[in-house]
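Okay, so subunit A shows up in both of these, paired with subunit B first and subunit C after.
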Partner chain A sequence: MASKRLRSYLRTIGQVFVLQFKQLAIDGFIIFIVLVQPLLIAIMGLWMMRERQGNYAIFIVVGSGMTGLWSSLLYITGSNINVERWLGTLEMLVGTPTPLAVTVIGKTLSNVVMSLSSMILGYVLAALIFRFPLTLAHPLLFVVSLICSVAAFATFGLVIAPFFAINRQLQGWVNALEFPMYILAGFMFPIALLPGWTTPISYALAPYWAARALHATSSGNVPLSDVFLSWGMMLLFSVIYLLLSGWLFRVMVHKARVDATLSLQ
Partner chain B sequence: MSVIEVRDLRRVFRTTVGVIRRKTKEIVAVDGISFDIEEGGLFGLLGPNGAGKTTTVKMLTTLLIPTSGTARILDHDVVKEAAAIRPHIGFIFGGERGLYWRLSAIDNLRYFANLYMVDPGVTRQRIPYLLELVGLADRGDEKVEGYSRGMKQRLHIARALLHDPQVLFLDEPTMGLDPVGARELRGVIRDLLAERKTILLTTHYMFEADELCQRVAVINRGKIVALDTPDGLKQHVQDLSVVELEVIGITGDRVEQLRRLPFVDTVSVEPYEQKQKLSIHSNSGSTSVPQILNILEGLRVDKVTSREPTLEDAYVRLVGGEV
Partner chain C sequence: MMKRLQAALRIFFTSAYYSYIALFRWFRPAPYIASKIIMPLAQILFFAFLGMYASGRDQASFYVIGNAVQLAAISGIYGVTMSVGGERWAGTLGYLFGAPANRMLIFVGRAFMHIIDGMLGVMLGLMWGVLLLGVDLSHTDLGALALTILITAASTSGMGLLLGCLSLIMRNVMFINNTVYFLMLALCGANVPVSSLPGWVQRISYVLPLTRGIASAREIVDGASLRSVGPMLGGEVLVGAVYILLGYVLFRQFEIQAKKRGTLDVM
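Let's turn to the complex of A and B:
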């Protein structure tokens, strides 16, 4: 019975992943935040760094890709449940035996994978237009870091999704939540440049460890033990976020059933 | 054994009004209703708009938590054991929403089949069968956005039957269907009854309740005002006869004058093409017609008929003339 349930959940995740990917790929706003916005950030960064010596280009390419990843995750995850509410499908989803979190996992994974295209585009842009030497110091470790990052971002998205569902006004704060993560997670510059009191906050954010691992494996400036530490932290946070999100989804669905907010009134 | 047991079910909605001096307003949507539905029974819930029908269905389908009272489906509590209930119930709400319009009907059904944990092998057989059943077999691969209202409603029915549920909640299922489609759907409901499904149906159409339901509860302002078989409900108006008139340009004053006639029980007015259709329930049959026509003097009266009371008349009497 449990294995049948798990197989069904995995099938649902796979199906939602494909359907969501198809819908995102034709959404103009998503194309802007996944492709155009990181591109602008990358152009700005690369322009500023063009006279500098050292391997800054790869740092900027990876960092700008991560800004696209975070922005799309924040925007799409925030709107996912509200879109279901507007369509009138949220009640249908909650009324089925499959937990709502399972469908949101499929959607969030799709968002994260889609957003990785920001990084690829930034890479191609820097290589072709600015003629920077873009070599990954540890390609294999970079790929593993990327996989861990997908898990870290996706589970982080699962934690924030219920908050957007409980409080519809939070959707209006998406832009305000965008930049603090760029800074606190060290997407574009190291967190060592920030005041000391912000460091514990960065450490509690899985995207920070993702940025640290991706920057380290692409530029090769740090010992491998640091990369392994980042992987471990990402996996640890992914598990914590997964458990936390399971609880948050139960609370959110219960509250929506009490407040009658599963459908538009 | 009762498949559905409802005891003193109540649901209050709280809304806030005002911007600076915000006040909380309470609306009692369902006010202490109780009923049972036996296995294989078709129970009708009738009432005007805002009577509490949909709120009741949402509580029974685990989508809304009651303010007080209890409801059990297949011996599971709708609040504490929602997860145990969901695999065994199917529901549809009237209207076009609740579907993914950018997907085809087949993709919609495949998706919901997964959510209901239907085995993929079963899904492959069940989707063509259900599309055939609801008359969408030749349009299944088209996007739902191109569907008419009636087609979307039929797709909802197919969705609700995907996992072959034991209990069905049909909230105004024929709303938006053309007469032929509505008749076909009533045929589907009869087939489901033959399969011993337990069904709760809400509808505005009295003939539908009369034709299908074994028992009917009339709900008004959140309370059940009558609960009986359709024939039993008709007994409520056994003493009455109904005079129907088609008039043009009747005013509120004249309707009030009709209501004040000593032998008149209720008067309802419905728009009918360019005219108004007056239904006057009285205990004096066709002998009351001259007095009625006196009040309507000067207005064009096209047709006057007298007939025996129907379930609709019983309903009108029970909800106090609101239609």
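Let's turn to the complex of A and C:
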């Protein structure tokens, strides 16, 4: 019985993943957030860093890809539930036997996987057009770091989506949350440049650990213990986010049923 | 003659006033603070720190001034585009084109308050630079700097008027707006000296607004006089005027074609 339900949920996640991916692929705003903006940031970063010695190109490519990951999480994943409300399909989703969270997992995974394309495109741009030498210091560890990062970002997205649905005024703050994460998570420069009091804030952010792991395994100039620590922190945050998102989804659906506000804009 | 002038001024300022409050009436203080104060500050900090990582802490001023002046593009592009393009979404294009009022005054009036708003954004950005990143304005001719900011905000609004006209004929103009905004970040000298860009890219930089404004602002902060940056500011005025003219031509063409084909309110 439990395995039947799990298969059903996995099938739902797969279907939602494919549908969401198709919808995102033809949306101009999404294409900008996922591809154009990270690409332009990568180009700026490569030009700005040209006087610096060392293998900075891979650092910039990975960092700009992460900016795409975060921006897509903020703008797309954050409105996963609100979009259904605007389309008038939220009531049907809540009314189905499949939990709303399962649908949102499929959407979030699709968003995150699509936003990885910004890293791939940045790599192609830097390698083929700008002709930078781009080699990953530890390819296998990089892949594992990427998987952990996808998990961390996806579970973070599961927290953001119901949070934005419960507090609709937060949608107005989305613009203000983009660049602060780029800064605090150390996507494009080390957080050592920042004032010391911001360090605990960085440590409390899963994207910081994702950036730390990806930069370490691509640029290769930190010890392996550091990489394992980053993986551990990402997995810890993923578990915390999963538990938190479960509670948030229950609160959101209960509140919407009590207040009868499911369909209200 | 006086009556016509009064009527023209009334149309201009009424157009400016109503387009501005129409755009910002639905804003609450929180989203306004988020979009106009926090996001610009965060953008400045991001590129300043990236620039310091790339070229050293003593270069902070270069990135702060560049990004602060570039903030004029937020109001100039997004605000002005929505002021013009919003007519289509609100279904009021028919009323606008049915009115006998002077089209140039209606068109340019839309940008007026956004120029003021853009100037405010730039000044706020420079203030953050002084308070947080040690930008030194002690050698600055503040009057010259204010004029530079005004001219840059106006020329950027000219770009916004052109993009606003595109929004009358395109569904998804935000993609273009966002791309233009980030292209200006990359090409107008805000973060990368224009002289270090490839030659063909520099030619693009110099046909965009902001490029001469940013360069002038940097020189003025370094102690240059208004006279010495005069030619650059003149170039910025010319660029802005060309964009306004192009936008106006497109605006009039849209009106003529839409009336001919009956497609005024077609989305």
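Throughout what follows, the second predicted complex is superposed on the first by the 263 of 265 C-alpha atoms of A that agree within 3 Å, B and C clash if a C-alpha of one lies under 4 Å from a C-alpha of the other, contacts with A are read in each partner's own complex, and residues count from 1 in each chain.
Following the convention adopted for this analysis, contacts are C-beta pairs under 8 Å (C-beta built on N, C-alpha and C of every residue); 3 or more make two chains touch, one makes a residue touch a chain.
Remember, it's a predicted structure, so these values are computed and weren't measured experimentally.
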**Request:** After aligning the two structures on subunit A, examine subunit B and subunit C and state clash or fit.
**Result:** fit
**Request:** Give one of first, second, both or neither to describe whether A:Phe21 is in contact with subunit B, with subunit C, with both, or with none.
**Result:** neither
**Request:** Report for A:Phe130: first if it touches subunit B alone, second if subunit C alone, otherwise both or neither.
**Result:** neither
**Message:** Contacts for A:Thr98 in the overlay, against subunit B (first) and subunit C (second): which applies, first, second, both or neither?
**Reply:** first
**Message:** Quick test of understanding: once the structures are aligned on A, what is the angle at the Cα centre of subunit A formed with subunit B and subunit C, as a multiple of 10 degrees?
**Reply:** 90
**Request:** Have a look at where A:Ala260 lands relative to subunit B and subunit C in the superposition and call it first, second, both or neither.
**Result:** first
**Prompt:** Just subunit B (first), just subunit C (second), both, or neither: which does A:Arg11 touch?
**Reply:** first
**Partner chain in contact with A:Tyr182 - subunit B first, subunit C second, else both or neither** = second
**Message:** Is A:Glu51 touching anything from subunit B or subunit C once the two structures are fitted on A? First, second, both or neither.
**Reply:** second
**Request:** Give, as a whole number of angstrom, the minimum Cα separation of subunit B and subunit C in the superposed three-chain arrangement.
**Result:** 11
**Item:** Complex interface listing, subunit A residues touching subunit B
**Value:** 4-5, 8, 11-12, 15-16, 19, 23, 87-89, 91-98, 103, 254, 257-258, 260, 262-263
**Fill in**
Listed in rising order, the residues of subunit A that touch subunit C in the complex are 28-29, 31-32, 36-37, 40-41, 43-45, 47-52, 169, 172-176, 178-180, 182-183, 188-190, 193-194
**Complete:** Touching subunit A in the complex, subunit B uses residues 13, 58, 61-65, 83, 86-87, 89, 91, 93, 95, 97-103, 107, 110-112, 114-117, 120, 159
**Request:** Can you check the complex and tell me which residues of subunit C touch subunit A?
**Result:** 28, 30-31, 33-35, 38-39, 42-43, 45-46, 49-55, 172, 174-175, 178-179, 182-183, 185-186, 191-192, 196-197
